[in-house]
Amino acid sequence: MDKSQAQDPLREADNGATAHTLRIGVYVCHCGGNISDVVDVERVVQAASGLSNGVVTRHYPAMCSETGQNLIIDDISNEKLDRVVVAACSPSLHEHTFRAAVARAGKNAYLYEHVNIREQVSWCGKSDPDGATNKAIRLVGAGVAKARLLRPLAPISMDAKRHVTVVGGGVSGLRAARDLARIGLAVTLIERSASLGGHMAQWHLVYPTEDKARDLLRELVDEVIGDPNITVHTRAEVIEASGYVGNFLLRVEPEHITVETGAIVLATGFDLYQPQEGEFGYGQYPEVITLDQLERMLDPEGPTSGRLERNGRAVNNVCLIHCVGSRQIEGIHQPGPDGKLNEYCSRVCCTATLRAAGEIRRRFPRTNVFELYRDIRTYGRGHEEYYDEASRLGVLFCRYEADRPPVVSPAEPKKGPGLICAKHPPGRSGKLNLVPFSAEEPDDSALVVQVKDTLTFGEELEIPADLVVLVTGMVPREIDTLVDQLKLSRSADGFLQEVHPKLRPVELAVNGLFVAGTCQAPMDISESCAAGSAAAAKAAALLASGRIELDPFLAPVDLDVCRGEGKCVEACQYQKAVTLVEVERDGRKVRHAEVNSALCNGCGMCTAVCPTGAIQVEGWRLDQFDAMVDALVADYAETEVSHA
Amino acid sequence: MHHDKIDTDALVIGGGIAGLQAALDLADQGFRVLIVEKQPSIGGKMIGLSKVFPTLDCCSCICTPRMAEAEHHPNIAIMTYTEVRHVRREGDRFIADLVKKPRYVDEDKCTGCRLCEYACNTELPHEFEGDLGVRKAIYVPFSNAVPQVALLDLENCILCGRCEKVCPVGAIDFLQQPQETVVRAGTVVVATGYETIRTDFKKEYGQGRLPNVLGALQVERLLAPHGPYGRVLRPSDGKVPDSIAYVQCAGSRDRSAGVSYCSRVCCMYAIKQAMLLCGTLPLADITIYYMDIRAFGKGFEQFYQNAKAMGIEFVKAKVASITEDQQQNPIVRIEVIEEDGRVEQRQHDMAVLSLGLVPGWDPREVGLAAPAPDGFIRCTQPMIAPCRTPDEGVFVAGCAAGPKDIPDSIIEAGAAAMEAAAYLHEHTHVAGKETTTTCMK
Amino acid sequence: MLPADRAQVPKILILATEACAYPGADNVGQIHAEYPANTYVVRVPAPVMFSEPFYLHCFEKGIAGIIVMSCGHECPYPGAYDTLATRISRVHELMGERGIQTNRLRLCAVCTVCSKAFLKEVHQMHELLTSTV
Amino acid sequence: MPEKPDTKKPIQILRERRGGVPRELIERNRQQAAIRRKLAEVLQSASKTVPELAQETGLPTHEVFWHLMGMKKYGKVAEGKEREGYFEYELIQ
Amino acid sequence: MSTRVHPELHRDIARFGGDDITKCMNCGNCTAVCSLAGDGAVFPRKTIRYMQLGLKDKLLASPEPWLCYYCGECSDTCPRDANPAETMMAMRRWLTAEYDHSGRGRRLYTSEKAVVTTILKAAFIPLALLLALHAVTGFQRIVTDRVELNTFAPVMWVWAVVLLHFAFLGYHLMMNALHMIQHIMKPEDPEAKVPWAAYLLELKSLAIHFITQKRWRECGEEHDGQWLTHLLLVSGYVIMLVLVVGMLGWFQTDNIYPVYHPQRWLGYYATLVLIYASAAMLIGRFRKRTQVHRFSRPTDWLFPSFILVGAITGILVHAFRYAGWPWPTYGMYLIHVMAMVAMLDSEVGIGKWAHMIYRPLAIYLMNVKKRTQNQAVPEAGALPTN
């Protein structure tokens, strides 16, 4: 390979070949059966080889594998390929992979076209394999058509602010801020409320270490506040955001400050589900509270000084109802005011509830504790032990089906049936620190909870309750301003949507934006901290060198064609992304459009209005689209499969 | 004996997904990383899985790019088939003694063409396929292994010499010796992963002697595109199973089996496998016997509800015993808890044990601090710095610190990388900004 | 099947935005929902880049129906959606002038998880085209 | 005349180091080859399912199946059509 | 109609030994692993669940605890390391106490002091009676130059007292059994009546189960040894009862029968068997190797200890008589009688007699119910495979 060629990425590598004499390699992936079980890959390859440029056409079980990539690399050098087309899964997964492979072979990475024949062909056409094969053939044709018109592009490299803004001063935000500061990056931490710590500051003891939440938090807050690299703004909110990766500009109110930052970590946290009026008696009976209220009660520094009482009376029976506002099912549960169902599991509530239940049994041994659950989800390290411990301490578990939820109602003022065996004297108490068994059990609980218990052969049980605790889950927090300003995407459950749960779990779709903690999904403190650190790692990698390389899909101007009419300037929505400039050309002063690549977002508003086609988004040129459409409607008579 | 010396910023023990991610996150920050993997290929357990929950992405589509990225990253060096013998601290640095086991194949020469494998006459159960499939005495570990290099199983080799004859590049090296390497590193990330509990852990489950009672990882292979049979068949006689049972909490949440904790991933992988089986065997009845369904992660609950809607049967019951009938059909014995509590014996064509996750490695073997009582690496600050271990400067990621699913492992790997990076900054004043390539083979 | 017959399978072109509709179309595949094979999804950063003639040319070339799947008001590019909507109305006018059924060009919003909306649009267009062609 | 050590082939050196190849390994190899031969013989006439092969060869079904899968992996045998829950296997000529 | 829960009840049951029911997470392993569970009677989880919830009526109506023979499989395999087998045992103790409306059972199970006073009181009765007898006759009747037991304890008097004692105990037992029947047969549906014919037709099975306790064998082969030991013990015990209660006039005689006389070898057989079985039980409890012996309570030691004492003192009486030592014979006889009266008095209310009745009765009542429900009576444990 010619060395200078590899060094200058923009140099035309086509050696004077015309679009139709370019050497194009076409690779069709089986995706281990994901594609090849439906699409006849051999036929696709056959069709591709019939195209004028199909120099090398292959199919392979896993193009993304090391071997698959090497196949391309070897072909590029052996067969002197000019362009590469891979038909495989969605470009969101592997476009990058193959661009990198092409680059490793010494070619410009942008002389590559990716065709999606998995998500948009095989997976949505299982019952029509012939149709899917034909579709794949046409899409590959379109890919080749576009590939003919690809140009080598150079990534845009620019300076980045070695500064990160963390939005949200809860535990994950604090963790992220501290980690970033530790490696020497400047950090601005913006917190909406008056103090740092988020929900965690409200809690008493936390699983699985039984640490005091406030002690843990104090340690972290002290580190953050004492760190010279971190600037903290409380009672502050981002109200406007602009810029791009490496160079964001945030306007923060009410302090009227502007933060220039290279990356943003969103750690905006969650809200607790607010039960609807009448949901399990919430709002109807004062004895119905939520888990966080119970946590406050158990806190010696809380409103009851740690006493378990309701309306001034000791609580003899506590009934905790799991999954309130979580795991909702269409047709069974009532949608919330926003019309949405929370179909997800809130993940932390089971262990938190078991912890609280165990604490009640330990501190108030005469208080009966009931837990009405659907599934106990003590999944994490040290969590199952809470379930074990709560059981051992005598917490009574009943399991209800989603379609037969417990019913909370006021108790009838009557005496219970009593128990006969009480006339016998109490014996020596055993390990459990037994209290005398009383027949005159007063049935004076304020409420009763009725539940069809699947652990008791479907028996309808009646549970006395002085306190009904609704175990409410997490819901996405209201962050509309940020969502608007930063163009964040949310998943179906309303939480922020990462790019890919496994490949890029802490990255958001907008470059330079990262997500940490419970604004992404319910998680506990430990997991929030891990997510905070992971997001910090990504931000650190992004800003490590102080320079950022961007995809070159911007809209440059073909000066030969531009007539300087300025339609593009009118159309452009980004301030100063495109401007008209006057230059001397061939001794004449001419006006033409000029694009600022750092500000251009490549939306193509200008392209549509340009009368001469002078301004085009690189990588998405209109002639490329025209060619693709041509290819889609072209005749593939020899290779297309006829429908039976 | 050949001695090598390597100097690096971070030593990552374990080349599974957590180790790879931690290495990538460190390397992207400019640190030099050495990944040590004891298996002949990186990729860990993940590369052997079929598809992943809850997205049903093809697992190798997610794992192979990470493997390739690590392999090609200028800041990352990888040593496979290498064991860490000892790690000790020397001032601000860690000194690790590594031993690379002989493959009897020259890694630099081998092209992974597999001619030797075809020529070899000795057939053995393939460990990568959960012993279900066949491999030869010389073989490339699996189709997407990194590196794509063969290795010779000397213990089972009859030294006939065929492989040497057919190798086009003369890569067979019968006289290869273990190779010792000393690594100096600024920090260590432990990502040694997990093992599944052995199938013979419980006498009531047939002690691993029932041919149609499989471990879940074996079923992953049956479902994987290049699996041992190319489709889902049962091992006793190659029958297409019509009825498949999933036995949850097999070696988790069971003190009688010595494991009291929840293995965290089994519910979801069982549901996933059940869905995939529904896809490949549309007529099959699939029953999942569970104690609690733990679909706690993002999108998991919806996944579970979808599985229910697909007709997968969920039965709340702890399977007490598995026996077999004349045709080697497994029979599970349960209490039908949610109905009248009657005891039933249900016959299936195949039963899958959702085997629990147990520690894969004891840090004491290399001189690191003792693990927690559950056998996994101890975390000193599980709440606010979950990756720290009792050994300062040693961080943990993934299942080495307890069972975890892939997203959680990857996030934790990022966290471990962050901790390691901060530690390097604070302790060895590594600039780490310039991209420096380690040259080693 | 003869080429003549094949021409009768109406082709639907879907212009799907990179940020929303294209991942949305991926999502439809991920949940293995099926739709007719005569649909071709083309990834675009923002369909606002296409001028009026582009659409008309497509119809001339033999595309039977076009669905522009945008991000709607969640579009990452400010102002682009409104501009696009205006442009599509203009194209409808031009189609009417040329005697092309205006409902053969549809503008809709499809987000990354809008599999139902995606399927509805595709099925509607397919029905329309197969009943009229 | 004794061979000089340095002219010995590596494989011979290794054989010596191992003190010869264990008899049971060689025996196992021989048995495996015999089973594969037997299966190939039976399949010569017609494609068969595992239970059929087991009946004709007198081998247990799981052993037949395992070897068959090896033969399939290394291209000696191909999967045919399904018959009553079992696939037929045919010899690749 | 919903059932009120009374979690306090388990504190009461815990006094009978069922103190680890809180460990249970209702996974159902114990029931599924039990080879006796099935066929309408599912346990131990059902019983444990009722205990957790304090559903006293349901517990009293449960025959299940009597169907468990404590093989310990459930405890061996419990995922939570709980001990369902012992819980079933505790349940049997509690039920025994509940069936016994006199309160004796409850006292004995829950108070060690009550056990001691009961034993002492019972042992005092023969001593007092004998003293009274000889006080009236002025201690003149006792022959002291040779062994003539009947002069020390006139057999007809003794027999009369024994029969009276047995009538008393038998009445007690009958009443308890009646309470058990009332509880178990209490219909859930007040309209449903169990026909008398059902009771009659199942009597045969009652007899068979009473004599053989054959259900135990379904626990699995590895428990056959226990069953056999138990059967031996029962045979020895029954023989002794028949000899002592039914035939004391011939049994307690100063004429030594020839060796071939059936009474001699029956007596020897019974004694040997009782020594062997009770010693085996005591050693087992001491070693705590098997599940059944891991959690012994004082009352569990009582029975085998008494048997052993009874057998040994019985042998000694016999030996001293052979030796011709009058006073040691008389003294040992008194000790023997005191021990046996104490045993019967303490055991009938709570233990071994009771379960010999309750177990077959429970099976019988289950069968009666089943017959009423117009179902065939399949062998327990033989589950349909579907």
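Chains here go by letter, A, B, C, D and E, matching the order in which they are written, and residues are numbered from 1 within each.
Heads up, the rule we're going with is that contacts are C-beta pairs under 8 Å (C-beta built on N, C-alpha and C of every residue); 3 or more make two chains touch, one makes a residue touch a chain.
Bear in mind the structure is a predicted one, so any value in this text is a computation, not a measurement.
Using the contact threshold fixed earlier, the set of chains in contact with both chain D and chain E is B. Looking at contacts between chains, the pair that accounts for the most C-beta pairs is A-B. The chain occupying the central position, as judged from C-alpha centroids, is B.
Of all chains, the one whose Cα centroid sits at the greatest distance from that of chain A is E. Note: the chain lying farthest from chain D is E, by mean C-alpha position. Our note on geometry: chain A versus chain B, Cα centroid distance of 25 Å, whole angstroms. Chain centres here are Cα means. That of chain A falls 28 Å from that of chain C.
Remark: chain C and chain D have CA centroids separated by 57 Å (rounded to whole angstrom). Touching of two or more other chains is recorded for residues 55, 57, 253, 316, 337, 340-341 of chain B. Shown for chain A are the residues in touch with two or more other chains, namely 376, 388, 399, 455, 457, 491-492. Counting partner chains per residue, chain C has residues 30, 32 touching two or more of them. Looking at the complex, you find that chain B touches chain E at residues 202, 204, 249, 253-257, 291, 316-321, 325, 331, 333-335, 337, 340-347. Contacts from chain A toward chain E in the complex involve residues 368, 370, 376, 387-388, 391-394, 396-397, 399, 416-417, 419-421, 423-428, 430-432, 434-435, 437-438, 441, 450, 455-457, 459-464. Considering their complex, residues 25, 28-30, 52, 54-55, 57-58, 60-62, 64-69, 71-72, 112, 143-148, 224-226, 253, 260-262, 264, 292-302, 305, 316, 337-341, 374, 376, 382-387, 401-403, 406-408, 410-419, 421-422, 425-426, 432-433, 435 of chain B touch chain A.
Of all residues in chain E, only 1-12, 14-15, 19, 22-26, 46, 49-50, 52-53, 56, 80, 98, 103, 106-107, 110-112 touch chain A in the complex they form. Interface residues of chain E facing chain B in the complex, by the touch rule stated above, are 25-34, 37-38, 40, 42, 45-46, 76-81, 383-386.
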